Every structure is written in C-alpha cells, then in structure tokens.
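What follows is a set of structures for review.
Next, two complexes with chain A in common: one pairs it with chain B, the other with chain C.
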Partner chain A sequence: MQEHDMSWVRTEMTLAQPAPPGERGAYAWVRKNLVASVGDTILTILGIAIVAWILPQVINWAFINAQWTGPDRTVCATVSQGGIQPDGWTGACWAFVNAKFGQFMFGTYHIEERWRPILVAVLFVVLLVPMLIPRVPRKGLNAILLFLVLPVVAHFLLVGGVFGLPHVETSRWGGLLVTLSLSFVGMAVSLPLGIALALGRRSQMPIVKWLCVVFIETVRGIPLITVLFFASVMLPLFLPEGVTFDKYLRALIGVSLFAAAYMAEVVRGGLQAIPKGQYEGADSLGLGYWQKMGLIVLPQALKLVIPGIVNTFIGMFKDTSLVLIISMFDLLGVVKQNFSDPNWATPQTPKSGLIFAAFVFWLFCFGMSRYSMYTERRLDTGYKR
Partner chain B sequence: MKHIALGMFGAAALGLMASAASAGTLDTVKQKGFIQCGVSTGLAGFSAPDDKGDWKGIDADFCRAVAAAVFGDGSKVKFTPLSAKERFTALQSGEIDILSRNTTWTSNRDSALGLDFVGVTYYDGQGFMINAKKLPGVNSALQLSGAAVCVQSGTTTELNLADYFKKNKMEYNPVVFEKLEEVNAAYDSGRCDAYTTDQSGLYGIRLTLSSPADHVVLPEIISKEPLGPAVRQGDDQWAHIARWTYFALLNAEEAGITQANVDEMKTSTDPNIQRLLGTEPDGKYGADLGLSNDWVVNIIKAVGNYGEMFERNVGAGSPLKIARGINALWTKGGLQYGPPVR
Partner chain C sequence: MASQEILRQEPGRGSFINDPKIRALFFQTLVVIVLFVSIWWIVNNVIENLQRLHIASGFQFLRNRAGFDISDTPIAYTSDATYGRALIVGLLNTIIVAAAGIVLATIVGFIIGIGRLSQNWLIRKICTVYVEIFRNIPPLLVIFFWYSGVLAVLPPPRESYHLPFGSFLNQRGFYFPRGVWGDGSWLVLVAFVVGLAMAWFVAHRARQRQMATGQQFPVFWTSVGLIVGLPVLAFLLAGMPLTFDFPKQSTFNLTGGFQIKPEFLSLLLALSFYTAAFIAEIVRAGIKGVSKGQSEAAAALGLRSGPILRLVVIPQAMRIVIPPLTSQYLNLTKNSSLAIAIGYPDLTATAGTVLNQTGQAVEGVFLMMIAYLVLSLVTSAVMNVVNARMALVER
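After this line comes the complex of A and B, so read on.
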C-alpha cells in the first residue's frame, strides 16, 4: 500500500478572502463601468460633458431663475418684453402655473364648489390605498365601496342638482378632474368588459363569439379621434334640435369602449398562454364553465398579462387628452388653452405650462408602472426563471 | 377663419339640415334663464380664460352684452368652447344660442350653412410681421420678395399668402408648420424673415417673442377677415336682438355713453340719447325688439360701449395693444357704423 505524505495537504478550508483591492469598491466600479476600454472612456467623457453642459442650465432655468409667484405676465417677461426682468433673463414661469393651478386641476368648475371634487378625490384615495396594499383585509367590501358606491357618490357630488348642491354642468369640468375621472371610469369599465369580451371571443357559442369578434375588430379598426369627432360633429345633427347629449358622457363611453376592445385582446393573449392541460384538468374535476374560468384559468391568465393590462391603462390615461377634439379640456388641454390668456403671454409661459403638464402625467404613469411591477413580483409564483 | 377646407366637408350636410332652425330662441332662452354662447378654445383678446377661468375678450363680452339686453344681467351667459370644426354644428343643433367665435363672415357661410351673421365686431385681415432689426428699412410687404415666410399649414392663410406673392410677382420661400407653437418658435429663432397670420393674431404672438419691441406688424392687409357673431337662420327676432345689441354698442360709443356715465346720461335731453337709453317719454324701441326699454342701459352697464370693450380686451388697456385702425367709429375714419335707434 502506498504511503502518502499528507503534510502539504490542507486539512481545513481557507476562509473566504475579500476581492483584491483593484476589483472592489468605487475604483473597481468606475474601472469596470466607465473606463473599461478606450471606447468606453470616450463615451464616459462625452456623457459627463453633456450632463455638465445641460444640467446647470436646466437647474438655473427651472429653479434659480424661476419666478414662483406674481400677478401677471410682467414677472415672467424681460424689460424689452414689457416686464420687470432684466434683458436676457430666461427662467421658468411657475407663477403662471401657480395662478392657473385651480383651473389646471378643476377646469372652470365654480370656485366656491371646488370642495366637491376635492372631497371626491379624498374619498377615492381613502378607498384606493387599502385596495392596493395586499395586507389590508376586507378586500371585498373595499372593492364594492370603490367600484360601486364611490362612482354613485362621486356622480351626485360632482354633478350636483340634488341635496341642495348646485348643479355643475360637465362643460365646466376640466383639467386633472377630467383626466382622472375619465381614466378611472375607463379602467373600471374596460377590465371587466374586456375580460367578458375575451371570453366571448373564445366561446363555443357562435352568436356570442361573432358579436364579440365584430365589436373588437370594429372598435380596434377605428381611430378614437374619429369616433370622438363623429360623436361631437355629426351626432348632434341627427338628434332633434335642442336635444344635446352630454359631451363628457360621449367621451366617457368612447374611451371606455375603446379601452375594453384593447383589453379584450390583451386578456385573450393571456388565455391562449394557459396550457390546454389546465382546461382539461378543470373539466376532469367536474368544474362548470364559470368555475373553470374563475378559479383556474383567469387567475393564471391575468397574472401573465399584468404588463399588457397596465400598458393599456397607461395608454388610455394619456389618450384622454384626445377629448380636446370635442372641446373638452383635460389637463393638457387646459394648460394649452391658457397660453392664449394675454395676461400671461410670455416666451416662458408655454414651456413652463407644458413641463408642468408633463410632470403630472409622468407622476401618474410612473406610479402605475411601479405598482404593476410590484404586483408582478408579488404574484410571481410560477414560471419563475 | 381657419380650416375652411375642412369646414367645407361638413358644409353640404349642414346646409341640408339647417332648415330645422325654429323660431323662438328668445323664448327658450328666457325660459332656461341664460344664453349659451359658443366661443373659441382660446384666442387672446377674443375669448380666453383668465386666472379664475372666466372668459375674457371681445367675443365673450359680446355674449354678455346680449345677455344684458335680454335679462338685464350680463352674467346670465354660459360659455361653450368650440373647435373650428364643431362651431357650426353646435349652432345648428341648438347646443348654443349664439356663436361668437372669431368667425369670418363669408357668402358661403351666410347662405349654405344656415347661419345669419349679425355684424362685424372686428375687422381683421391677414398681415405680416417682421423683425425690424434683422430687416431694417422694410416697411411694406411689397419689399418682402425672396423672403422666408413662416406660416401655419392647412389654413386659408397659406393660400392667401401664395395668392398675394403671385399677384405681385414676388418670390417667397414658405416655412410651413402644422402647430402654432412650432411656427412661433421657428419665427422667434430667426428661421424666417416674416410671419403671416391674421393681424389680431400677430399682436398676440408678438407678446410671446423674446424681444417683442424689435418686431413690427406691416401695414398691408392681404385678405378680408370680417369677424362677427352669428345666430341660427330663420329666427328673425333673435337675429334682430343680436344685431341691435351690436349696433347699440356702437351708437353708445358715438353718443359718448360709457359704463361710468350711463346713469347720468339717462337725464340727458338729447333726443338721440333719450331714444337709445329708452328715456324718451313714449319710445318703445326696446319693446319692439322683445326687450325692455332700458335694454341699452343694461348693455352698457354690463360691458361698456364698443370702444370700451375694444380697449379693455385688445386695445391700449390690454397687453395686446392693438390700435383701433379700421375698427374705429366711422366718425373717426374707421368702418364701425351703427344705424340709428329710432
């Protein structure tokens, strides 16, 4: 038997050593990410140069030189433009946004009645937040309050005409109020309707199937602008004189049906991704159609298409700006409309107004997108790669 | 004024259905207690929302004047902002009672669209603006040969421009954009030598330029754009009320009746003023129109006379600072002429 000299063999494991100094810390990060090669170095220098060139200007314009309050255009105009700023001054005119803030939020909703949309907004947030946080119990009650009770309450509060509340015509609604109410109703209607349409399209029943196919394909085949335009320009001519069909309602119906058609196709994509075995498994357990769909197929399918659903929601949120076609003023519309106020006409006004509108839109869209990512992670029980 | 080509599309259809207009707008208006007034979606000096969201401008004030004539209260008016495409349908369908939306009076609109124009509350026309620093010595549009001209696409403005340069055998280089903001930005950055649109618009645009003082509006007007309110055809009484509200505004200015002195003027012994203000012992000029006899007093108390309306909204009292020009009274060399109330 051969003898081994074990004296040079380690008997215990070496402890893990930290990476060499060149491979860790800020230095390594910079070396790996910024200056790994000649090309990278050039790009890095270029990038830093661009940021260093733009950022001070942006900060200067948006914060340091910006005018935050003021009575009219003079605070945002230079002396040669008829204002009080030194010649050559440029800066954001937040004073314009400040002065018009009420309009940007509520349109021309009567000022003394604006507590009503504010109350609706508070109720909405109070009901929505627990709905979004998974840990909070009583989801069923919460959903009933949010999707069934709140719209009714909001309708009476916003429109008025009952309980001693003065009536406010929807033509006075505007700004964020229109953007949010249109998108909320659109989302709340389009998801269930879209699911129903998607199931209908895959149904065995020929009439149901074809009705759904015709609806989806027709709606998806027409631009939203066309429908809104038709509803506002042609429809009134076919109605008896004096009969006016509320513009806001037209927009609401148009946006909801459109979103539903798109949603139907998104959901159908999810349904198709569920393996046939799942359907057959459900059948073999003796589940009926609604049980099969409600308990087995839809929970999996909807989970798969969360990004698609949120995509449609975000798209719809931004599409609400199209109601400008029928002279309803959503946030963007109100902002643009106010550019025409001669009391605020300066070179800085349009930029400031549009940046404000963009910021508000971004805030909401970014919020939706982050929440969808959170939901995806939370529901990511299978298909994990 | 704009988008005539698009408007034409609906013109035929509208004309056919225009017959539905019924008499009795005055009664319906009195019944509902307010006038529904169609305005623009925002045009400086004509109809634009102020900080509180109230509509300000000549067009908005004209509706207030009609409301004052009917109800004795200029605030009994509700505004409907309308896009250029919607405006005629809205009037036809009865959604609005009066269209006061910087609309050019043309034969086609007056006849085929079933509208009845009331008068010309603002004589506008297409003009040119240039940067006087960049083009020193240019004081007429006829010197613009070879110039790059900024213009918004798809409007009659573009066609008028082509006609004008062709007629005068001049060359030009159109710089065309679809959005108004883009045209403004291009002109301000110096991409064009001249900017053309309606003159009233040029004054509004000048406010948004980085050095407004350098820019001058040239005197030439190359198209006629008489802007005025319109009502539905077929309701003569309502058309009379709107038309005479406009004439009353002019007559009040001519007689020197202002918002401030209207109550003093009621004691005037000038028969013209007495007839106008309804203080003549047995005059019933207001009643003949279906209004109260002090209708003019109400109008003037609500919005002032035409001159006051003009100065407050587009003239010296506004940031636009448009000169009266051809919109002055006929007694001062302008075109505004109010037939007598008698």
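After this line comes the complex of A and C, so read on.
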C-alpha cells in the first residue's frame, strides 16, 4: 500500500468572507430598493414627492394645529367664521370629538345608566380575550359563556326593566354600542345560519336545495340597503296587526340574513374543497349525516375558510354603518348627526368627526384581519412549500 | 348463483323510518308544508294590513304623476312625469355611477396592485398604506368624508378655484367646458368607426401572418395610428367643427359648461377608491399566483422583461383575477345604493321616495330587487364572456 500524503487537504473550514461593501449596509439597501434603475429612481422621487406633500399637511392638521379641548365651536372656527382662530387656520377639531365622546360611544343612553353598557363591554372583553388566546384552556365553557350566556345577560343589562333596572328603549341606543352589539349578534347568528344554508345548498333533497339557492342568490344580488328597507318597511306588513318589532331588532334581522347568505357561499367553498374520500370514509364508518358533517367534514371545511369567514365578519362590521339609512344611529350615524349641532358647526367639524369614526372602524377591522392571519398560520397543518 | 341471490334481496329489515328515500320525502314534504303555511300566513297578513291602511296594490301607481323633482336627470324628467319614469331615471343614474366607478376603480386598483409588487420599497409601502386604510373603513364613511369633509368645505361659486382648461371647482361641483360639435362632425365619428374596423382587420391579418410565417407586425402602434389618426385627420378635413361652451363666472353662480354635482363626484370618488383597494389585492394575488417558473422559463427562452410580463405573466394572472374582479364589480354596483345617504338620486333613493309617497312598499321593494338582480346578472354575464375568452384552452 502506498501512503498518501493528505496534508494538502484543508482540515478546517475557512471563514466566510463578508459580502463586498457594495452589497451590505444602508447604501446597498438604498441602491437595491430605491434607485435600482432610472425608472426606479423616478418612481422614488415621485414617491418622496407624494409623501413630502401629504405627510406635513396631515401632521399639521391632525396634531400641530389641532384643537384638543374647548367649550364650543369658537375654538375651531376662524375669526371670520365667528371663532378665535386666525384667518386661514385649518386644523382638526378634536375638541368636538372630546365633547361628544359619550354620545359617540352610547348615543342618547341615559347618562346615569351608562355603567350598564360599560359593564357589558367589560364582560365582553373578559370573555373574549381568553377565547382569542389559544393557550388558555376551557374553550368550550368559554364559548358557551360568550355566545349563549353573555347575550342574555347583556340583553337584560342593556334593555333593563327587570331587577330594578330602569327600562331603556332601543331608540336611545346609539354610537359604538349599536355598532358593536349589532355586529356581534349578527356574527353569532349568521355563522350557524350560513353553515345551515351551505349544507342545504349541497343537500340531496331538491326542494331544500332550491330553496337555499334562491335565498342565497337573491340576497347576494341585492344591496344591503334594499334588505334593510325590506326589514324596516315590509316586515311590519308581514305580521298580524298589533305585533310590532323593535326597529333595532328589524335591523338585526336584516343584517344577519344578509351576512348569512355571504357566509353560506364562503362555507360552501370550504365544503367543496374537502375531497370526496372524506365523505365516503365517514359513510363507510357508518356515521349518520349530522355525525359525518359535524365530526369529519365541517371541522376541515371551516378551517380552510377562516380567512373568508373573517372577511365576511369584517364586511358585516363595516355594513352595520348602513343602518343609518333606516334612521338608526350607529357610530357613523351619531357622528353625522352631530355635524348639525349649531354649537359645533365649523368647516373642520365634519372632517374631524369622520376621521375619528374612521379610526375606530379601522382599529376593529384591522385587528380582526390581523387575528385571522395569525389563526390561519396557527391552524395551517398542511404541507408548506 | 347464491351470492347474487343474496345481493339481489331487498334490504327488508329495519323499519321504513331508516330508509333515506322516505326520510328525504318526509322532510321535504314538511318543508313544503311549512313554507306554504308561512307564505299563506304572510300573504294574509299583508292583505289585511294593506286593507287596514287603505293602501292600493298592483303596479298602476307607476302611471301616476310623481310630483317630486330629481336633481340629476340623464333623460328628460319633470315633476309632472310618472312614477315609472322617475324609477327609470333612478336606474339610469345607478348605471352611470356604477359604470364610471368600475372604470375608475379598475384603473386605480391595477396601479396600486402592481405598485404593491414593485421592486421599489417606497412605492410598495405607499400602496400598502393605501390598501390597509381603505379596506378597513366602511364605504359610507368614505362617501361622507368626500361629501361633507372635502367637497362641502370648498369655496362658494364666487371664489371658485380656477383649474386649467377653463374649468372651475367649488361647493356646487366641478365645472368644465362642454364640447359643442358643429356641422360635419359626423365625419369624425365615421372616421373613428372606420379606424376601429381597420385596426381590428390589421390585428387579425397580423395574427394570421405570425401564425403562418412567424413574422411579427407592429399591431399596437398601427392600431393607435388608425384609431386616433383617422378621426384627427377627418376633424381637420371637416374644418375643425368643435367649439367649447366655457363655464362663466357670474355674481352668485357659474353658468354654461358642464357641471358635475358634488353628490355624484363624492359617490364616484368614494366608491372607486374603496373598491380599488380590493381590486389591488386581487391583482396582487393574481400576479403572485403565476408561478415563478413561468417567468424564469420565458427568460430562458430569451424574452425581455416587457414581453415576459405581457405575453406570459399577465395572461395567466388574468385567469386568477377575473372571477373575484367580477364580484368586486357587483359589490361596487350594489354599494352605489349608498347614494341615498348623500341625496344622489340613484335607484334606491328614487324608489325610496316613491315608496314613501305611495305607501306601496311591497311593489317598491320588489321592483328594486328585480332591478339590482338584473344589473348583477348582466354584469356577471359580460364578465363570464371575458372569462371564457381568457380561460385556459385545454384539450
């Protein structure tokens, strides 16, 4: 055997050399992301111009020139408009939002009774937060409390009339209270209803199937306002004389039916995505229809369509603002109603109020969409590319 | 054959309660009975209520005098016209705002959607901020923002903003010069139609030639030349028969020109900016949905980045984009009913007025539903044709 001298083989790895200076650090990032080519540079300059044009105006308006507190419209009006600000002044009138904050939250709910919606809100948060955190145990109990017990408790607390609580008519409800309660009950009703409609649409029974198809397609083809008109103008005609529905309840029925039709289509998408083998496997195990759906198909189907469900929820949350059309005052409605308050009418008032409302809506919707993205990632048990 | 005998046996055991066919029959009969009973109950109640309230039924009211004014009328309308005509005016307004909104939303949406995929960090961020803001606030709020937040605080007519081309912007809306076509302008229209036809013919022939010989022809520039150039030539030949009716400023108002009312403007801007955010997401998902191998393969074949986008990526992306795009168009059409909140006389607003005046809620809501359903179906049908042309041609 001949001995091989292996000393020329390197026994230790050489350290990787740092990337050339042109490929790292802030300079490279700028070159790659902002000025990669001539066109890119033009776009960047355009972008900087847009930002430089808008951002200072927004910051000036919303923070620097803004009026945060004040007794009435004079703080937000210029001298020529009868106020104290110099002519040519523009700025947000947060004083308006500040002064009307109670109304924006509760509408005209009696001030001495406002602890009731606040208590409901606290209960809601206390029940919702553990529901949203996956690690907290006892989800079943939590869900029962949140979706069955809370609505009943909230109903008695908000409406009153029992246990010595004074009665508050729903016509006095308003603001965020209406927005949140309408959308929460709407969500809780539309999901099961939507699942039922989706199952009905895929049913073997032709009459059930066609009823569901007609309902879903009709509701999806018309605007929510028409549905609300239907609920507010036609429902009273449908009922025998003397039976009247509360306006709030009518809006609730309209919004829930509308959302249920969209939910049904989302759920149907999930049902169709489940391979036939799953259905057949369940059949071959001898499971009945409800066992098959409840234990095998729906858990998989619903997991697939979480983004769609949350999108429908977000859409519904935004759509509750339309109850304004049938003269109920949700957050947007109350804000708009207060534009005409002569104590606060200035050119800056509408913009400030609307931006406040937009911010509140945005917080809720953005929160929902981020949570859905998180859930999607968490439940993604499939293969990843 | 014993086994076959067994197979052929009826599954006689078990009661008929467990037979799925009988069960289905039973449940459906139950559903039908419940349905008919509730319909009968509702119809009974409706008839009783209508009689009690002395409301007529039927569609005769459509021929009665409307007696209310409509601010935007694409066709001739006075308060002496019938309810039926008022509803048609409303429907036309809905169609106008929906069509304009669809065009504007598509343009803005595609720009923002492509911007979100840009190499440029700044552009990407700006587009993301736009999408995240507009997706998460209600469209009604956007409409109010434009209407009471922006357009209502513009200066009164006396202090209108002067914009280029003799147009003005003030509280009462946007005024721009109206073109008045003189004698011989039909020549321009004819030239335009001829240009379109010739462009189509050239494209057709160029395609045939490319299929046969592989030689390409600059179809795009030829078409532009034909479609734009021919009418311009005809316009010059006819002696430039176009004059403009400029809006003129008087003491309290502007006269002449073409006025776009603030209601229409805020509705259009709000609907298209809102929907554009969704379209942007659809476009982004569509382009990202084309696998990277496609553009890499095209690059390997020697195509440059422009043709790769035009010939490989976009045709495939459109297949993903069109179905959700259709539903966004439908949403926009349905959202145009929000016009009622700011007093733009669309279908819902006029039908609402008619409904209040006559009290005939059943017929009013029925007509509204039918009109929106038809609009939705027509839009879907058009988009389905587009989709069929784009769809993957498989053996």
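Everything below uses one rule, namely that the second predicted complex is superposed on the first by the 350 of 385 C-alpha atoms of A that agree within 3 Å, B and C clash if a C-alpha of one lies under 4 Å from a C-alpha of the other, contacts with A are read in each partner's own complex, and residues count from 1 in each chain.
Quick note on the criterion: a contact is a pair of C-beta atoms (placed from the backbone, for glycine too) under 8 Å apart; a residue touches a chain by one contact, two chains touch by 3 or more.
Keep in mind that what you see is a predicted model, and the values were worked out from it rather than measured.
In the superposition on chain A, no contact is made by A:Lys292 with either chain B or chain C.
In the superposed model, more residues of chain A are touched by C than by the other of chain B and chain C.
When the two structures are aligned on the shared chain, A:Ser171 is found in touch with chain B, with no touch to chain C. Using the contact criterion defined above for the overlaid structures, shared-chain residue A:Arg201 touches neither chain B nor chain C, since it reaches no partner.
When both complexes are overlaid on chain A, the residue A:Ile325 reaches chain B and chain C alike. By the document's definition of touching, neither partner reaches A:Arg250: not chain B, not chain C. Looking at the shared chain after the overlay, A:Arg116 reaches neither chain B nor chain C.
By the document's definition of touching, of the two partners only chain C reaches A:Ser369; chain B does not. When the shared chain is aligned, chain B and chain C each come close enough to touch A:Phe339.
By the touch criterion stated above, A:Leu239 is placed in contact with chain B and with chain C alike. Once both structures are placed on chain A, chain A residues 229, 233-234, 236-237, 239, 241, 324-325, 336, 339, 347, 350 are touched by chain B and, in the other complex, by chain C.
Against chain A, the residues of chain B that register as touching in their complex are 10, 13-14, 17, 20-22, 28, 41-45, 48-54, 56, 78, 80-83, 85-86, 89-90, 92-95, 181, 188, 204, 207-214, 318-320. Considering their complex, residues 33-34, 36, 40, 43-44, 47-48, 50-51, 204-208, 211, 218, 221-226, 229-230, 233-234, 236-241, 314, 318-319, 321-322, 324-325, 332, 336, 339, 347, 350-351, 354-355, 357-358, 361-362, 365-366, 369 of chain A touch chain C. Only residues 24, 27-28, 31-32, 35, 42, 45-46, 48-50, 52, 118-123, 126, 132-133, 135-141, 144-145, 148-150, 152-153, 330, 334-338, 340-341, 348, 352, 355, 361-362, 364-365, 368-369, 372-373, 376-377 of chain C touch chain A when the two sit together in their complex. For chain A in complex with chain B, the touching residues are 73, 78, 80-82, 99-100, 102-103, 107-109, 111, 169, 171, 229, 232-234, 236-237, 239, 241-242, 244, 324-327, 329, 336-343, 345-347, 349-350.
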